[in-house]
């Protein structure tokens, strides 16, 4: 098996509600995978289990051959998983540069020059150069999303989980984001939860469709677009809206 | 550049305090020596409250652990001042590790109450062991024993300089810590613990480190207080002494290096003044706490940072 | 005295403590339950009740010449005054910090010192008694098993006063009233709605700020009433709030924060065991064990011994 990150029968229920039910997923190295589905399909619960914010009710998560089902979140991040929050979660009262430095410092430790270089490089990549000293909370919403992304990049993860990264971004910012993800392709695997179908179809190598906690379909973008069940469950609905 | 100004400010404070040794009249001279030791306690508290964002209501147990960890072996086992200082600091370190391991399983209000309860139990234990501690009455450390490395700490000049040495060490230690990766992670935990965890930092271990560091510094202050002023009493373990560092740090500015000193100095003089006027001098502390919460949650140094000097650590 | 009668006496003393404790702790629990804040000054309202009871009853007695009027006036007035003070504190301080849990604790620590030191300045450092309105000693029987079978004996010293019985009855009546208020009336419904979800309650037109002020006042009034009831047994002193607060914390935490039923059960448990333990062991050791127990309950079972786990 060449998958970098796999889940087997991963499930989580809250009370009697099955939020995620027996999901199998294999993410290859360097792959860009989109995870789509209607609201409440269990996408965020699923990735929260991957990163360790929510404990699974049952099932397994394997990363690079190691069972990480029971590892705490910080240990998974150390292994090479990174996560950006759906609801922007930056250190609002700290400077932008320090936000990214905190992400980078885990790799470079006390080497201040290396941390500073990585911060400058990452902020440049997402287009936030020159904002180093602003408090993160003073950035516009779109810029905070980009900062989130920069914090993900600065960790040089092997798998980057992005939870609705383009939500609230302007069109030019979305173009920047797409270029960024394309540049990352091959360097790191990306699991992308996304509602913007344009972004999904442009970027994803493969798409997994979740509905009511179960995998409804999985395949290349063209195949997913043609899938009648997916159209009924998701694409149709969003087209109506 | 910025670093130079910061070092300059704190070196300047030490220089002023050193000069005051030769300038102050006797009464104030003793008071400032006391303030420096108590400010060390406040700086210890600030590591946890100001930088890590954990509000403890039980730090008196660490202060008292240092104080009794020094005084008990000195008075009952005849241990010298040097080794006793170490047993005091060691006692605080061990206690803070134990308390940290338990209390850090809780958060927020529960953490405050758990620390309050542990401190209450510690104070009662000191009373229970009255045969050795002599409870509220306390034990006096004989003047002849208060000699550290050949220095007689009952001499006001020596004591002042010893207090200044301890104070400076912890002041620059804090300044160093908050610029280290560990200090930065503590601030990150204060600001957004979930995010820090998801950047790969083991937040529990960092918080535990902060509790132990904070408790140990507080214990060092307690041990020094006992040694410098020759007395250990149960009143130092009472809830008052857990509230004081909170008050000092809030007044001076939580999460600033210099704030705890400013807060301790002001509040100590204020209470000293009030206690000359009325037995109800703690009224000042109460009014100050309410006013600070309402109008200046940042404290003195926090306001300076907000208005004039954004880079003040 | 034999072991049996001794134990019974301890249980009775414990029941008085439990009654007062249940009143006081239910106030703390109510405030935490509805407002999600911890009122560290709660013990001071208890002290205030006791001190006001002394002030009111001595003023009334000197005007009307003794009798039970003074105590009756204290029972009626002291909780109202304490409650009004608490409402004022809520409106001027707690409301302005937005009921943020940590800032509220710091502010109520300040309030604690203000109330305590104000009592020291006005009432003074002495402990003063209030005469109970009635205080008949009721001897109690004990069953002894002699060679000719069980028979009733009246051991010397095994007795309770009518006032202590009244305290138990009064506390039970007030708690029953509080329960009825919470579960059977519109006011209770409003309070429970606010407790469940502040935003939604506000959206439905519930005046959340007034509910908060009212609950904070009611909590303080309950503590003050407990103070009034205890003062004929224990004397009023400006430092009496500290221990009372600690015991209330213990009760509320063991009973499960915010649960009235759990609070009453825990008050019985703690009151009785405090009575029994301190008769047979050092009271200091008993307190140490109780505080450690509470700390460990919070660490390992934060929902209390009776409460349900969150989620």
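Residue numbering begins at 1 within each chain, and the chains themselves are lettered A, B and C in the order written.
We take it that a contact is a pair of C-beta atoms (placed from the backbone, for glycine too) under 8 Å apart; a residue touches a chain by one contact, two chains touch by 3 or more.
Everything quoted here is computed from the prediction, not taken from an experiment.
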### Message
What's the farthest chain from chain B if centres are computed as the mean of the Cα atoms?
### Response
A
### Two chains sharing the most C-beta contacts
B-C
## Note on the structure
When centres are defined as mean Cα positions, the distance from chain A to chain B in whole Å is 43
## Note on the structure
When centres are defined as mean Cα positions, the distance from chain B to chain C in whole Å is 34
### Query
From the C-alpha centre of chain A to that of chain C, how far is it in Å?
52
### Task
Please list all residues of chain A that touch 2 or more other chains.
none
## Note on the structure
Listed in rising order, the residues of chain A that touch chain B in the complex are 51, 53, 72-75, 77-78, 82-83, 85, 89-94, 98, 101-103, 105-106, 109-110, 151, 155
### Task
Quick one: which bits of chain B touch chain C in the complex? Just the residue numbers, please.
55, 57, 102-103, 105-106, 108-110, 112-114, 116-118, 120-121, 124-125, 127-128, 239, 243, 246, 250, 278-283, 285-294, 297
### Query
In their complex, what parts of chain C are in touch with chain B?
38, 93, 96-97, 101-103, 105-107, 109-118, 120-121, 125, 242, 246, 249, 253, 282, 284-285, 287-288, 291-292, 294-296, 298-300, 302
### Task
Spell out the residues on chain B that touch chain A in their complex, using ranges where they run on.
180-181, 184-185, 187-188, 191-192, 194-203
